[in-house]
Every structure is written in C-alpha cells, then in structure tokens.
Amino acid sequence: MTHLQVKNLSVNFGGLKALDDVSFSVAKNEVFSIVGPNGAGKSTIFNVISSFYKPSQGQIFFDAQDITATKPDEKAKLGITRTFQNIELFEHSSVLQNLLIGRSIHNRHPVYRQFIFDKTVRNSEIAHREAAEKVIDFLELAHYRDHLIANLPYGVRKKVELARALCAEPSLLLLDEPASGLNPEETEEVGHWIEDIRHDLGITVVMIEHDMSLVTEVSDRVLALSEGKVIAQGSAEEVQNNANVVSAYLGSA
Amino acid sequence: MNISFIAQISRFFFIASLLFSGAAWADRGVTDTEILLGSHTSLSGPASTWGVASINTARLLFDEVNEAGGIHGRKIRLVVEDHQYQVPLAVRAANKLINRDGVFAMFLSIGTPHNNAVLGRQLAAGVPNLFPITGAVSMVEPFHKFKFQALSSYNQQARASIRYFHRQRGHKRICAFYQDTDYGQEIRDAIQQEVDALGLEIVGETKHKPTETEFIGAMTSLKKANCDLIVFGTIIQDAILGYSAARELGITADIVAGQASNDQVVASAPGGGTEGLYIAGGARAFYEDTATAGQAAFIKKYKARYGEVPTVATHYAYMPTRITIEALKKAGPDLTTDKLVAAIESFSQFDDGIGTPTHSYSATDHSGSDAVFLDQIQNGRLKGVEKRIDLMP
Amino acid sequence: MSETVLRVKNLETFYGPVMAIRGVTLEVGKGQIVTILGSNGAGKTTILKTISGAIEPQKGSVEFDGEAITGMEPDKIARAGIRHVPEGREVFPFLTVRENLEVGAFSEPDRKQVQHQMDRVFDFFPDLSRLYNHEAVYLSGGQQQMLAIGRALMVQPRLMLLDEPSLGLSPLLVGQIFEIIERLNRELDMAILIVEQNASMALKVAQFGYVLEVGRIVMEGAQQKLLDSKDIQEFYLGKKEESARGKRRWKQRKTWR
Amino acid sequence: MLEIAQLAIIGISQGCIYGLIAMGFVMIYKATEMVNFAQGDIMMVGTFVALTLTTMAGANFFIAFLCAILIMTVFGFLVDRVFIRKIIGQPQFSIVILTISLGFVFRSGAGMIWGQSPRTMETPFTGNFVLGSLVIGNERIAIVVGTILVSALLWTFFKYSRWGLAMQAASQNQLAAFYSAIPVKSVYSMVWGLAAAISCIAGVLLAPVTLVSTLNGFFGNQGLCRCCDWRFWVFARRFAGRVDYRFGRAFCGRLLA
Amino acid sequence: MRVIFKTSYLQDIRLAKHGGHVFWYTLLLVTAIAAPLLVDTYWLNEVSRFLIFALAGLGLMIVTGYTGQVSLGHAAFLAVGAYAHTYFISHEMPFVISLLLAAFTSGCVGLVVAVPASRMTGLYLAIASLAFAIIIEDMTIHWESVTGGNRGMPVPPPSLFGYEIYSAVEFYYIVLAGVFLSTILVLNLLRAPFGRAMLAIRDSEISASSLGISVARTKITAFFISACITGLAGGLMAHYVQYLSPEIFGILLSIQLLLMIVVGGLGTVHGAFFGAFLVGLLESLISISKDYLPGAIGNQPGLEPGLFGLILVLFIIFEPEGVYGRWLKLRNFFENFPFYRRNTFKRQKTYLRTDRLK
C-alpha cells in the first residue's frame, strides 16, 4: 500500500532547478533511502514534503490525500515528522523538554486551561511524560534526561533529535542524514534503531544518507538523485551498481 | 489555615501599619536644628534648564540664610530628587521625600503631570506644595490650603496678552501655534477662553510635537489664515524656529509667547532670528549693565557661585525662595504647617527686591501674583514694552 | 618529511563545556599536502579554526615556522603566512570579484604587487577573470569556491588551510578543484592542509593523512598506508566486505517492546 | 511656484539632517550589526566639543569644526575600544542595553561639563540667501552642501581606499575578513570613530536649527525613532530616500493647509 | 549538582522541584506578606513599584524572553491598561472587574499588533513595535473624550466592595495579590504545552513547525497574553501614579522595561523580578546615597542618570547574561565545589555575517 507518493516534483530557486520532475512512492512500513551527491536536491525533497519550500510543479500525496499545500504544522498533525541535517534542537531546553515539545500535536487543551493547569492538563502532562520516557528508554537517553542540549556532544544530539521526532508518534519519519558525523559504532546503532522503528513501531522511514553501508543494510529501496534528477531507483544493490550512480556519486574508486 | 485566621493576620498588619505611618507624621521635617524641604525636579532631561537654575537659586539663598544662623536656630536643608521629567520617577521621588526623608514641605517641584501625579498623596500626607515650577491652573485650583503658587499662570499670561493686543492694537484675527502637550493645551484653553470673552474666534491653529524642528508647513497654514496675532504655546526651541519660520514666510502678524519661552537663548537666537517676538511673562529679564542695585547684588552672588549669569529661569525660584524664607521666619519658633500656611497667607505686596512683581496671598487666594509683563526682543535682548498688562476686567 | 611548517601539539578546544578537540597533535611538512579525514562533527573544522586563530584553544600549542602562534588574533596569523579557506565558501557577497581579491591582498600595500598576484590568480582560475566585475553573490557554487581559494592566493601563503573544498560541488568540479590544489602545491611549493569528507579525493592528492574521530586522532600515516587500511576503506571510502555488518551486531537491544 | 521651491529646499535640508544622523547609525549597524542607541548622544557630545572650541578657544569656526571632528573620531574610537569591544559576540540585547546606558552616561557627563541650559552656537551659516523673492536660510544651504560633501567623501572612501574596502568586507563576513588578514577589531574601532565624526558634522550643521543642549541626544534618537516608521528602514539603506520623505512632509504641511 | 531521585512524573510537573524550593519560596511569600511589618512606608511603596514593574516586565518577558520577539513598544500596553482601567472605574465599574477588563482590552490591542508582527523578526519587529507605541501615544493625546488628552485624567482610588483604599499598605497588598496570581498563572503556562511551544519557537521556528506547532498562532497568542499581563500592570500603575497623562508612557518607559528584563536575565520568570528589583533598587539607592555624598558631588545635576548608566555599563560588560546568569554561575560554583571548572560558562568567539542574504 502506498503511504507517500511524490509526483513530478520540480523546484526552482531563482531560475536554478533544484529538483526536476522527481517522482517516487514509498509503501507503508518501508525503509526508503535517497542518495546522491551534495547539492543534488535530496534535502530539497524533504523541505518540500514538510512544506518549507513550495514546489513549482508536482504533487505530494500522503495516504492518497493531496498534501502539497498543507502547512508545515498541519503535516505533523497528519503524522509526518522529520529530523534535520544540521540538527535543529531547542538549544536552551533540556532533553526531556525537547521530547515533550515533540509531543505538541498530542496536546488538545486550550490555552486558558493550561493557565489554570487543572486536573485534565495535569493528567495529560503525566501521559506525555510516560510517552517521552518510553522513547528515552528506547534510545537509551536516560542518562541525559535533564541535560541542556547546548551541553551535549554531537552524537547524543542526533539521538535526541530522533527521539523528539519519535515522540510525535508519526506514521512517516523523514530522517535527513541520521548517521552523518557519527562514528562507525554509532552508525551501526542507528541502523538497529531504524530497524526497530520500522518493525516494532510500524513507522515508515524515508532517509537521506551518505553512508552507503547503512543504506545498504536497512533500506528496502533506494533512489539516487543527481543535479535534481532521478538517475536510478531500485534495491540498494541495483542502485550501487548503476553506472550513472557510480560516475556521478560513488566515483570509480 | 482557615479564612478567619488570614483575616486576623491581615487586620493585625493593617493596624500595625497605621501605627507605623501615623508615627512618622508627628513632627515631619522639622527638628531643633533643621527644616527639611523637598523638591522633585528635572535636573536632567527636558525642563532641566529650569530645574537646574531654580534649584541653584534656592540653594544660593538658603545657604545665605543658613550661614547667617538659620531661621530660629534651624538650618534649611533642601533635598532634591531628579525625576528626569518622567512621571513614574516623580512618584518615586515624592515617595522618598515624603515617606523616607519626611520633608516639611515640597518646594519648586517641576512639571504639570508630575505635580498632578504626586499631589494626591502629598496633600493627604499633609505636605504643602510650595510654588511648583509650572504655570498650570491646576496648581492652585481647586483650592487647597496646602497649594501655593507664585508668579502669574500661563493662562493669565496668554489671556492678558490677547486682551492687550485686541484693546491696544485692534487685533481681531487670533491664531494659535502650540505644542501638543499638557503645556500647549493649557495655552490653547486660555486662548479659547479669551477669544470667547472678547467675542472673537480662533481663525487658525496648528500644534506640533516638542521635538519637531520644521515649521514651514505649519506657518504656511497660519499665513493663509491671515492672522493679526499669533499666540505661541512654545517653549524654547520651537519658539525660535517657529518665529523665524513665520518671518521667513513673510508673516507680518504680531507674535507673542509666554513665560516658558522667556529665555535669553530665545532672545539671542543666531542671526537675530527672533527679533520682534513679544513675550508676555510673569517675571522680567534683567541684564548686568542695566540692573538695579538689588538685581546687581543677586547677579554678583550667582555668578560668584555658579560662574554663570542668572537666567530668567531663576525668577521662577527667586521670589518663591524669598517668600518661603520670610514665611518660615514669620511662622515663629514652633514651626507647623498650619503656621507656615498662615504666614504665607499674611503676606501682602511682598517685594523680593529684584524687580519681580509683588506677591499677595490670602486665606482664599493662594496664587501670589496676577502680574503679566510685556517684553519684546530687540537687538538680542528682552526690552520692556508695557510694565503691566494684567488681565483686568 | 623534511622541514616542518606547522606543528600542532596536544591541542584541546572547548565549545562551552563541551570538549570538541581532545588533544590533537599533528604536523605539516614544507611543501606537503596533508589531509585530515573524519566524519561530520568529529572536530576537523575546529582544528583548522584553532590553527587560524578563529577559536581559542584551551590547551596545547600551534607553531608555524618554529614560532608559537597559539591564541593570536586571526588577522595576525593570516599575516604570518597562513591562509584559511573556510568551509562553505565564505566570500564577500556584495563585493565584486576584483574587490574580493583585493581584500585578500589587504596586507600588501604595493599596488603593483597586488596586480601581479591577481594576474596569477586569473592564470589559475581563468573563469574568474571573465567575472571580474560581478558581485560574488551571483557566482555559482564552484566559482565561489574558486574565488575563495583565489582570495587566499593573493598573498603568497606558505600554508593554506582548506576546509571541505568539495562540499556541494559536482563531481566534475571537485576533480578540477583538486587538480588545482595539486598544481598549487607543485608550482608554488605551498604546504596545504585539507579537511575533507570526500576521503577518496583527499587521499588522492595528500601525501600524508590523519583520521579524526570525536576530537581524537585515531590513525595517521602516509597516503598508501591509509589507502590500504581496511577501516579507512570501509568507513571513509565507502567500500565494504559483504555482510560484515550483520555479523557484527554486537548486542540485541530489545529493552523496549 | 516660489513657495514650492522654498519648501523643496527646506524639505531637502531637513531630510539631509536626518540622513546625516542616520548615516552614522546605519554605518555602525551595517558594519557591526549593532544597534547603537547612543548615536544621538555622541552627536550631542560632538556639538558641545565644537561649541567649546569656537567659544572658549575663540578659534576660527572652520578650524574648530575640523578639530571637533578629529576629537570625535578619537572619541568614537575609544568608545569602541573601552566598552563595545568587551562584549562583541554577546547577544544583541546586551549591546542594546550597553549603548542605552552609555547614552545616559554621555548625557549626564555633558550636563556636568557644559550645563543643562541650551546654548546657541555662532556659525558662519547665518543670514539668508536671497534669489529674487526666494529666501533661503544659509544654514539650510550649509546642511545640504555639508551632506553632499560628506556623502561624496564617504563614497570615495568606501569605493577606493584599502580601509574602506576592508570595512565593507568586515561587515559582510567577519570571519572571512579575519582570514584575509584584516584587523577586524581595529576596523570596528575605525567604524565607530567615523560614525562619531559624521555625527559631529551632523550636530554642528544642526546647531543653528536645534540649539546646543544635552537634549540634542534625545533629539537625535527621537528623530531616529520618529522616522523609524517603515520608510526609515527602507530608506536608510539608500540614503536618498530619506530626503524624499522629509521632502514629502514639508509638502504635506502645505497641501493640508 | 543537586541530584534528585525522581519517583513520579509529578515531580517534574510541580512548580517546586524539591524541598529547598518549597522552603525558600514559602519564606519569600511569608516575607512578602509580612513586608508592611518589616519595612516603613517608603520601602513599601518602593516594593509596590518594583512589583508593578516586575509584572510589566513579566509581560514583556513572555514575548521577548520566551517567544523571542523583540518589543520596543510595551509601554503602550501599560498605557492601554492604565487608561482603560481608569476609564472603567471612573464609570462606576467594580475594581476587580475593571482591572481584568483593562487587561483584556490591552490584550486585544496586542492582537492588532501581533498579527502583522508574527511575520516579522528581529530589528524590523522592534521598529514596528516602536512605531506602534508612538501611535498609541498619539491616541492617548487625541482621544480626549476617553483619555482626557493632554490635560490628563485623575485616577480614582481603588475601591474594594465600597471601601476606598488610600493607604500604602492596602495598595501594596492589592499589587502583591495581582503579581502573585499572575505569576502563578504564567508559571502554569510555562510548564504546560503552550509554554514549551513558545520556547520551541524562540529556538527554532523551522523545527517547531515541523513538530506540529503553529508558529503564527503561538506568536499571536503569546503576544496577546503578554499584552494582557502588561495591561494589568498598567492598571495597577494607574493607581501608582494617580494622575494619567500621555507623557508617562513614552519610549523611555518601553526601553526601561526592556532594560530590566535584559539585566534580570532573558528567558526566565526570575529574570523579570530580578531585573525590576535590581533596576528599581539601583535607582532608589543612588538617590539615597546621593544625600550622603558631599554637596559638591551629590548636588551635581544629572548625577543620578549618569551613575545609573555607568553601573549598567559595568554590569553588562561583566555580566552580559544578566543577574539570572550570574546567579546560575554562583549556584553552579557552590554546587560543584570544589570541582567547579572555570570554563564551564566560557564563550567561544563568535563571528558575524551579514544578514542581507536572508
């Protein structure tokens, strides 16, 4: 069953084609990877999916619903969350606070009730914390729970960002270079988490990644982009052996 | 903890606090060796010209009295708080003067809104408001036995000048050029009252922000109104700029400003830009070379201490300070506010010796003078045109 | 290695309370190309910035031509002969190409000499002479990168620090840039320290390399030694033996069901 | 017709005043991204310095004016050296508070030195320029001419001098400027010095219009605030726009009448 | 560092995180309630003033400290609150209702600004808010039927259930109650999802919206709440100054509010209080100490603002993060003693790049 479908997507930045007629679809509970050289337009795809950029052409469907023009915050409510290439955490808050912000879409109380902080708000706060604790447990962040983000090392921040996205309990998770900057051991862990996220939580994962070993290990299908165009699509192996991909991205080493 | 307990506690605090505040009132501001006066004024910020000059004058005269042994053995101490012409700071200053320093009276406080904001508490605490530096009517009206004013009010000055020009020169087309502030409003109200009284009307008016520097537009519209007389509700900068703009545009109407524009800086504006401007004020400028004996003595003392020639702004303070000193003397050794009030009320035709119009008070009239002078700027100096143009019926 | 141009000893740098560099020691020989490999966030950029004075080190020393330059202001270090071409092509966007290059020659008061240097830069980057009067903001990524390198060449630096010169460039341009880097090294006898994620490229031109992980140097060696290393091949060159990873799944992490 | 010409000149001169005050402000903002709330007060100090030189030293007006500009350049330079440099890199808010507080200090200091009463300054720009029945105050002409001169000088400085280029570079990208051996900190001090000098010129040209008092700082700042509607920020960048606006206002006054 | 063993989620949610908190804040509250017994009328009035400013600062803190929107025009909301409240009670409206309604009015005026402001950032927003403050100032001058124009308008004394309040003590309790309740409400909000949403927007709008937070709506709501609280402070301030005139609520007051929260420490409730008390106390102490200086110095015109400015200059240079920042450092020092590392709070150099490219 198709979960996310991108149809003929094009994006222009002042005459420059960042994306040129890109189409792909992602099935439910699949791990789908996008690879390609820097500047090929991978992050642009994510930014269009989460509505930070407007496409000049094309549509995006989520569960058969056209979400091309939906606002970014509405998308989160539909069940799409993401991480960022350059880690966009809330620097001056603790890890727990960050995760609780991840729960934003599950808050239904009007502001005046939050002022009064009555029993229902209190109970839902407890529920948010329970949910957050589960994620903390899952990603082994207990040690850092009350640390300020600004004081955390890079690897942990990446983890926190993943955790924050999970707190929203999405059905589609967009990961922008989850393993960049991580050492090989951490990268391997990321691989396990992605598998767990997919198997245990039933979340569909779309990921942008440079680390081909990680891509190969976890993805069901891979899409290769270069200069805004799709140059190959298929299983990891197929893509890796594609001549275009080798010349444009992997190099002939 | 139950409700009645809280009620008891708060009642306890309330009574205790009454005791505290009551205790402070008994011999406020007067000890065997000292009389404490307070002033909240503008030593910096807008109006600091008047603030500094008036406080300088008061200090000069008080120190003289103190050096001569004080009044009935008591020295006068003036505590000055700088409110920088900001109302909240004036309230803070008054709180300090009234509740911490426990001043005997408030003296030479500056600014209409500032005095208004402070007056309620001050009068409730039984602290007289002596001679605030503002010509606003609200400083004496409604009548309160603790409110005293020296010199004529802005209202009297503006009305008297209109009546003078109407009666003496037949001016009928009256225009108004004033600041969009409480001060300007005061002038505007006075003009309205006077034209109503004379059966005329205001044929043209413009208002401006105190910081504005460009009055060609405003003056153009007044020129169209073809005024005979333009009454200025200006202070210093806008008096100069407004006047020179009017003359540049070829307006030939007579232009008269009030006490607030009465400053040597206006008279000696660069390039003689203010030549011909009339000033209707409550006190008159004097110059070293033409001074009377009393004036010369004051100029000498002032210059010796502050290195400057006294400005017209010092008049705001000279007469009030003299009255206060004499009243404190007259009130006798057991000084109370009631005695001070009675002493001031007893003055009639009080002369300060430097040419300020004489002041008279009574139990029903706390504004000391209705005198209005008319001066004109000639050759960079203020020259007397009419000795008195007081608002006579 | 003959003569040493740059000697970094036991460098430690903090970002707030976080230690970004944990005791790094490295050397660059005269006329040598040296590369630092490492993943994003490993601290490569921090090392370069510390060398060029943009970041203050906590501990350790940096020596250039035998003289300590630790903690000096960045402009003084630049004057001493180290030019840093920062990551992300930090050109002056609203200055023209010519002005950008002139700024690069700020420390050179002799106008003739400036003109001479500019001609040489155009010799290396013919593209730039064509764009002489264009504001830098309108240049493409590759042209901006060339301008950034050209700006550093306006004085004759004895050491150039290159931070991710291939970032965001098409493979073709990457090839060109690295060719020029080799030429610079060869023709001007300039020592170059390159930080690169594109390890295969970097190792092609570098004679010596260091591998940095989480602020520490974990491996160092000459070009061939690194190219032969299995770990380098696997982690930095993208080659790997089949299914090596599956077997090494070292821990069954199923705490959360 | 005559009236319109007169209004036009007055409008232009008024615009030039704001332009001159704004120029110092915008220079600092653009070069260092700092909002300088003390700009008006620096102008006030400059005017007093000029006043003191003309009245006390009895010097020729133009010599005194020149000296005042020099003194204020040093003053601005020192303000940066002593205060501003200490908190470079701190949050913008700290700088806002610092400059507001410095404004307090300057105002108070000026009050203590020169007194709180307004003074008049004798300038050669008195009298009127008469052309037929068109009468224009000489001080207005001085303002316009002064502004044009200052603008031209600044333009030349930025366009053709090494330091002017360095200032532009430092404003566009500090780090890259450092890497190009530009002593950015000294450049900043120079920017402050230059801004103070411009303020001094503005203050002296303004003196016949506003008198000289400690409140001139308020005037400067409030003048800025008053013209801080939308137009200001659009026009501050292109200084000419300022002129349009004041021009428009002078006309509005007439048309509404 | 104090290590707290958490056994229940409520421990994180509670306002007081541990016994120490409970003890100190109870002590603070008791001291505040007993203040009339402890200090004389002068200091009581001063504390009332500090509290009113703290409340106004708290309002500003919500937009500037928490949501990250700079406002240079918050005195306008003080003005709206003050005038509205005075207008209402002059028209026989009961005190408490009038105060609440004034706060609400101020909030609604805030909405008018907030909608366009939600699309602006940084300096542009600051300038826009300044322009707005000027508009409100002009309105207080020209809407004479309501505001009394330049003539100003007297503020009737507060009256609770027919009992008119004149004394400093009673006024102090009214202010204290207002400040206490507002602070509790704000603290509640800050521990609720909305408070986190504000922080999220301040730190990263992009990431907040990707997590389902509507940036515009949150900013507008925050502005509304901020304007309400500042408006409430305005209502109380009306009684403090007792006579309203347009001059009270000028740009200087806005700047002073901003100054207070920056000095106090941005982004904390503590900061609003620290700032108001520190700045207020500084003013009081300068004016008191001036009386003890020799006349030649103490009587110098312009001394007070000069000293005030100088102390702030030194303060900002040595502690750019405000009192709260200093407080955290001190606490950190004692908690980690003797293992405190000097560099914990050391900043690396930062470099600017033009924002014309954005």
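All chains are identified by letter, namely A, B, C, D and E, in their written order; residue positions are counted from 1 within each chain.
The rule is simple: contacts are C-beta pairs under 8 Å (C-beta built on N, C-alpha and C of every residue); 3 or more make two chains touch, one makes a residue touch a chain.
For clarity, every value in this text was computed on a predicted model and none was experimentally measured.
Fewest steps needed to get from chain B to chain C, stepping only to touching chains, is 2. Centrality by Cα centroid goes to chain E. The chain with its Cα centroid farthest from the Cα centroid of chain C is B. Averaging C-alpha coordinates per chain and comparing to chain A, the farthest chain turns out to be B. Centroids of chain D and chain E (each the mean of its C-alpha atoms) stand 33 Å apart.
Chain centres here are Cα averages; for chain C and chain D they lie 43 Å apart.
If you average the CA atoms of chain A and of chain D, the two centres end up 51 Å from each other. Note on chain placement: the centre of chain A and the centre of chain E lie 39 Å apart, centres being C-alpha means.
Across the assembly, chain C contributes residues 16-17, 54, 90, 93-94 that each touch 2 or more other chains. For chain D, the set of residues that touch two or more other chains comprises 107-108, 111, 116, 172-173, 175, 178, 214, 222, 226.
Of all residues in chain D, those touching chain E in their complex are 32-33, 35, 37, 83, 86-87, 89-91, 93-94, 96-98, 100-105, 107-109, 111-112, 116, 171-175, 178, 214, 222, 225-226, 228-230, 232-233.
Note for the complex: chain D touches chain B at residues 3, 6-7, 10, 14, 17, 107-108, 111, 115-123, 126-128, 135, 137, 139, 208-211, 213-215, 218-219, 222-223, 226, 246, 249-254, 256-257.
Interface residues of chain E facing chain D in the complex, by the touch rule stated above, are 123-124, 126-128, 130-131, 134, 251, 255, 258-259, 262-263, 266, 300-310, 312-313, 316-317, 320-321, 347, 349-356.
The part of chain D that touches chain C in the complex is made up of residues 162, 165-166, 168-169, 172-173, 175-185. Across the interface of their complex, chain D is touched by residues 52-54, 73-76, 78-79, 83-86, 90-95, 99, 102-104, 106-107, 109, 148, 151-152, 155 of chain C.
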